[in-house]
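Next, two complexes with subunit A in common: one pairs it with subunit B, the other with subunit C.
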Partner chain A sequence: MRLSRISLATVALVSALTLTACAATTASSTGAAVDGGTIVYAHQQEPACVFGGWIEQAYLSYQVLDNLVSLDANHKVVPWLATSWKSSTDGLTWTFTLKKGVKFTDGTPVDAAAVAYNFDYWLKGGNSTAAVWLGGYYQSAKAVSATTLQVNLSKPYPRLVDNLTQGYFGIQSEHALTTRTKDQNCASPIGSGAFIVKKWNRGQDIVLTRNNKYTSWPANALHTGPAHVKVIDWKFVADPTTRVAALQAGQVNAIYDVPAVQWKTLKTSGFQLDRYVTPGRPQQISFNTQLGPFTDEKLRQAFAYSLNRKQIVDTIGQGIIPSEGNGGVSQATPGYSKKAADWYSYNPSKANALLDAAGWTGRTSAGVRTKDGKPLTVILPYGAGSIINADGAAILQGVKEQASKVGFDVTLIPVPQSELFAGKYGTPQDHDISVGYWTAVTAGILYINWRPSTASNPNYSNSAYYNNPELEGYILGGNSAPTVAAQNADYEKAQNYIAQHALAIGVYDRLSTLAVSPKLKDVWQEHAQGGPTFYDAYFTK
Partner chain B sequence: MTLTSPSSGIATGPAPEPAPEAGGAQAAVRRPSRLRAVAFTIGRKLIAAIVVLWGAATVAFFAQLALPGDRATVILNIRDGQAQLRTPAELAPIRAEYGLSHPVIVQYWDYLRGLLVGDFGVSYQQFRPVTAIIGEQLGATVILSLTAIFFAWILMTVWVTLTAGRGPRVRGIGALVDVVAAGLPAYWLGIILLLVFALGLRWFPVIGGTGVDGLILPALTLAIPLAGFMAQSTRTEFERALDQPFVISARMRGMGDWDVRIRHVLRHATIPAVTLSGWALGATLSGAVVVESIFSRPGIGSVLVAAVNSQDLPVVVGIVTLVAVFYVTVNLLVDIAYTLIDPRLKAS
Partner chain C sequence: MTAVSTASVVTPPLRLSRLPWGLYAAGLLGLLLAIAAIAPQLLATHDPYALDYAHALRGPSFANWFGTDESGRDLYSRIIFGARESLLIGLGAAGVGIVLSLILGSLAALAVKPAAVVVDRVVEVMFAFPALLLALLLIAIAGPSALTEIFAVGLGTAPGYARMIRGQILSAKNSGYVEAATALGHSRARIIGAHILPNALRPLVAVFALSVGQSIVWASSLSFLGLGVAPPSSEWGALLDAGRGYITQAGWLEVVPGLVIVAVALAATTIGRHLQAYLEKGEK
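Coming up: the complex of A and B.
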């Protein structure tokens, strides 16, 4: 009795302290801009290197490196290091004109030769995500003059420049890449960006200092000249509760990846909250079409009809995480097919009818359907904590529950990063469903995810193991069609094909979220991948 | 005065001061044999240490190899943020760079040879020598561990001295608190301390960093369960010591209760806790994995988690070997300290 009273008192004390803390945090600003200062920013994951093929690296390298081009809020490609660009009439030759007089922070010039070197560097292992985007199209790059770069393609790719806005395509000093050690280029790449890596305290933070000689801001920046703040203290704080608490306590000025459950509390307390719906492949379910029960299209469709995906996502995501019906691309992607997204609505009767028609008519005592005595058990492994966060894991639990109502027995397997990234569950033999996302700025991501896999040119990103020339034809058509309208028409056909055959179904859209202290203004999410942009940011008194 | 041997199990308390002449002569006779005993202990321990280190390094190496999947694939996938299979052409440069296509026994032999000359290899992900990575993170973890052990000693000493050997109610509460504290999981305790003292009362920063104010809560998170654990064994010893003849003798000389507890009984009772402190250093190094993550502190714990996740074998094995070195060294020091504190062992 006494113990329970003590426990209650403790709970009450903790709750009161938390509420007091929440209420006390919203210091209002007077609005007058302050020059200089240090932005303390808490990010959730620490990459091994600043530059690389992971989105976590792209967020960081975006502060240090400039790209050729930038993407604005209306998905228009605008100048950055390149002032203009054009492609030849056959679409095979791209010519970029570079800004004059721009220098890397090691003093060497940002000229066409250096940029051409970067293209080859990405392809030769410098950035294999960049290489995947250019693969199959890129042929060579050369400097025509100091400020004129020519990029030669083997097939037309009109949306090439859209892809070059991603952080994977940040331009580094050729001199630094060729004369410094791998370790140095990993920890402090040399670019021409608004900030310079000063020090990396591994496990704690990276300190970036202002590039006082910055001259190459993108056309969609809010100001010109060097950054307003002097230093960014980019901290790594893995735990979301700690990040939110640190923001509320005023220990940091901005945080990444705000948990859905904390969204309203922070908003009410006056923090700026930004949400970026990531274009590209959404968090989706793709079915193993080579082995197991989902080789039967009826079962794939039945699974799709068994789920009320919107209800699951809205419940877990508290209205912050958008539900997604489209298994090809997310709603933020140009050329998105609403038709594909709406293909399967919640309809358990249809799901049951399809399962009956497919011969899965028996039932175990637990209600799992059977066929020839074999239960309808399907394996769904997911990258816990790496590909799927805590909200995502809860959503998958909802998927399992709903699918069980029509007789699917979904076995969820949380896979640790060390196993998942080692290629476990990477073959058709060991799973029936795979989940995951892939950020992109165009529907060209479809080519990466659906290009047929052949013995001579395997495609391990094709997680449905579906090799079909008709689907490939639509996507290739979209990639090379001369006008945006024609590209989108082809991409939509591809998405509709994926939906019609239930090769993949969408679940929710991956978000990139930020919460920013009221005293820090003009922090925005860049439009290619949703990372924070601190170049324009300034403090107010 | 007859000194009893440790095996007799009967302690008579510290020996009274001998006459100066006799004492000098005794010390002259005794010192060489004590030195020999300590040297013998150190020699024996060093040989055992080498065997333990070889075992730890070997187990760590093969445990990493036993992880499912292919190491070259994970190295490339972590660099690219993708989880998928890779083509032999993509993996070839990585296999060549790290010698992953060599037979396992050759890799193991190369690895052991490296260890002998202090070369732990180069991290697959950071491209830096493992010794540099550990060197840069070790300080923060060792400071955390030592501070935690220091706090644990203070908490344990005060609590046991206050509550052991009292009336049944106080003794009961004392023992109950020991058990509860020892059972507190670090991930829960850390979050509660963070919530109350950092977020609520704002006494400490939420994100610890390496400053002194950022050290208190993480150290307490490790210290409280450790104090509970040490208090359990110290309490038993403390209460047994209170019944010993030397305590009665001290009381009869007119010594007050606090004097008896602090000057005689405590010294006697803390021997098990000294032994536990050796274990505690290893335990707090392991506990640092959780605590460094909760309080966003740098240290080898968080490096180890990242390295295991990315199958960065050289870093994992380097840290495991390092922790083994710590265990072995500290246990050796504890053994020596044990002989110095316990008057019975001195005599032997």
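Coming up: the complex of A and C.
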């Protein structure tokens, strides 16, 4: 009798959970705008600070801080805190003219001196990603007048302003940075943005309130004046199914990172769905070229040929996640090389021939290739839930299984966020393959990911551990070429070089996705990184 | 010299015809699981790791009894192949828990006073933490893996069993037959080895059976949280974890592994309880 009761209770519980998750409640909107209100937004990951070098921080700081410039839907740089900008003829000096009368929320002015201070602050460790973007090019910044800023470079960098549209380059109050503690600036940076950090309940949410004195909206905003809504409750809900269920139940108004399998259901139920294919480095596989089996180019190429990446991605991604062949940059990046993307098609025969030629001719009873008695085992750690989401993890399982058909034994190691960010599996000694993305607005991301790493100037983002002057030459040429066409030509050479030597191969393009309640209007994804923009958002009755 | 029997327990004869049907069902499930763990290929219908993207997320059918997952892998075969890992973790964790609790419980009951008090306090401190929290602590230190999971769950269950064993030993220590053995001049070591431990530890057989079910559930919980074995393992908790993203579109990915875990835990509990009742009957 006891058994029956327990079994029935279990079945009832499972059924209730399933039915609850299935119940979509999408209220229809009458269309009339409501002033004020609270947007409850469920985001996937909680960063350590509001401002910093991780995209999850950029998404948040974008609500609180203003940048010098913004990127519009056509990939054109438009004014934000800066009304205009120009480069000297030698490309080494940039002059920005700032809006007049803008103040940070602590009452201090947004002037050229404060902005110049921010440039130095980023380079001195204030923002690791801003630092790697500017490093090697930035020399100094100085205030020529209250509204005129001069930025001096050591080498020409015509796409500097494009890069400044990213959230890593949000401008903070110099007064706040110099007088408050590091922890205070981490938890509630002071900017001139549309919202102010009111409270951070660690592990739960960040409450942002409207900046009623907001005067510095970007040129591509949909309205002028302060934000429509009064509060954003930016919740952290790690589980994608829970986020979707909360949206369907009306507990939240918008969610981030919509699982591919839920896309159709939400669309049919009337939710607004936004999808942004992130420019920059795609979700790719980089091979360790310094230690282990992948020091042999034939093995790298064999691995690439062993995979039917498009089939895996199209199935798991349900047509929402784009497959990507290019290991250098994603298809959303200006200057993308289709040739590099198409370099390796699925060809297990070729993979087997390359492995044979490389001397991996033996087999274990499990079918793993061996050479001199050593099995072809390769270690593939990945940031589970942080860098690689649930769809990505399923795609990597497909990679493992397909590679096993030609004799690779791929060991997948899901690494928790805390361990990953603490540097675990961050050296050539502890892995053979690394996966991951890096968002960018130009192919200049190649410089960050492929700049040679030297003792005096280490590059921790060179995950293939590949130092090559020819490749570096193409990238440096692209960074400093005077025209976009010339830049793209050099960047394409770099991508083709990466493909030819199978240093990295693309798998899929990272997406930034949003699902929004029909009652909430004018939520849009900013165009530099795809984060949610709530400044223009308003509720309807 | 006259041999004096000091044993107090007589095991009653086992009558198979009087055993309840639930026990037979539990035994049958146990047998199937044993086959699945030892020779899964005898029961599986597909390669559990073979990708079949053309048949991804298909519901239960004649071709795929429990349906397929997001990569078209056969769920039934994955569950069968996952039995070995799940059972090994369950049995291993139960074993670690029992051994650890045996050491702690025996020391707390039999060691000289200062040492016994220290062990007692250690057990109480361990008791102060919820078992799952203890397990999480170990995983945080050692990193997620099947081996860590075994030790983590074993560590989590040990304090409760240690307390029980201590009580059993103290009860045996103060029993009449131990007094009789002492009066006969038997050494302390002989009394412990021949009289106290065999009598005090008889319930451990039942406790072990109960512990296996509990350990499987706990280990599955840890795997569900992503703290167990690495993908693409088909350990049952890992299957639950992998399936939760598809619960609204492919509910079978969540329901079937969940029901299997429940069934196995119930089977282990049923066997353990009947074993316990059988042994207790013998003590009366």
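One rule holds for everything that comes next: the second predicted complex is superposed on the first by the 516 of 541 C-alpha atoms of A that agree within 3 Å, B and C clash if a C-alpha of one lies under 4 Å from a C-alpha of the other, contacts with A are read in each partner's own complex, and residues count from 1 in each chain.
The working rule: a residue touches a chain if its C-beta (ideal position, glycine included) is under 8 Å from a C-beta of that chain, and two chains touch if they have at least 3 such contacts.
Nothing here was measured: the structure is a model prediction, and the numbers come from that model.
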Which of subunit B and subunit C A:278 touches, first, second, both or neither | neither
Check the residue A:125 against both partner chains and state whether it touches subunit B (first), subunit C (second), both, or neither.
-> first
Considering only the touch criterion stated at the top, classify A:449 as touching first (subunit B), second (subunit C), both, or neither.
-> neither
Between subunit B (first) and subunit C (second), which does A:70 come into contact with in this model arrangement: first, second, both, or neither?
-> neither
Considering only touches as defined above, state whether A:251 meets subunit B (first), subunit C (second), both or neither.
-> first
Chosen between subunit B and subunit C, the partner touching more subunit A residues is B
Which holds for A:286: it touches subunit B only (first), subunit C only (second), both, or neither?
-> neither
Could you tell me if A:479 is touching subunit B, subunit C, both of them or neither one (first, second, both, neither)?
-> neither
Now for A:241: first (subunit B), second (subunit C), both, or neither, which partner does it touch?
-> both
Doubly contacted subunit A residues - partners subunit C and subunit B = 14, 17-18, 21, 239, 241, 416, 419
Within the complex, which stretch of subunit C touches subunit A?
-> 22, 49-51, 53, 56-57, 70-72, 143-144, 226, 230-232, 242, 244-251, 254-255, 258-259, 262, 266, 270
Parts of subunit A lying in touch with subunit B, wherever the complex brings them together = 13-14, 16-18, 20-21, 42, 46, 48-49, 52-57, 125, 128-129, 181-183, 186-187, 201-204, 235-239, 241-242, 245-246, 248-249, 251-252, 383, 386-387, 416-424, 426-427, 436, 438, 458, 460-461, 463
Contacting residues of subunit B [partner subunit A, same complex] | 67-71, 73-74, 76-87, 90, 93, 123, 125-128, 133, 136-137, 140, 191-192, 194-196, 198-202, 205-207, 209-210, 292-299, 302-303, 306, 308-311
Tell me, which parts of subunit A touch subunit C in their complex?
-> 3, 6-7, 10-11, 14, 17-18, 21-22, 239-241, 244, 259, 261-262, 265, 311-312, 315-316, 384-385, 390-391, 393-394, 396-398, 400-402, 404, 411-414, 416, 419
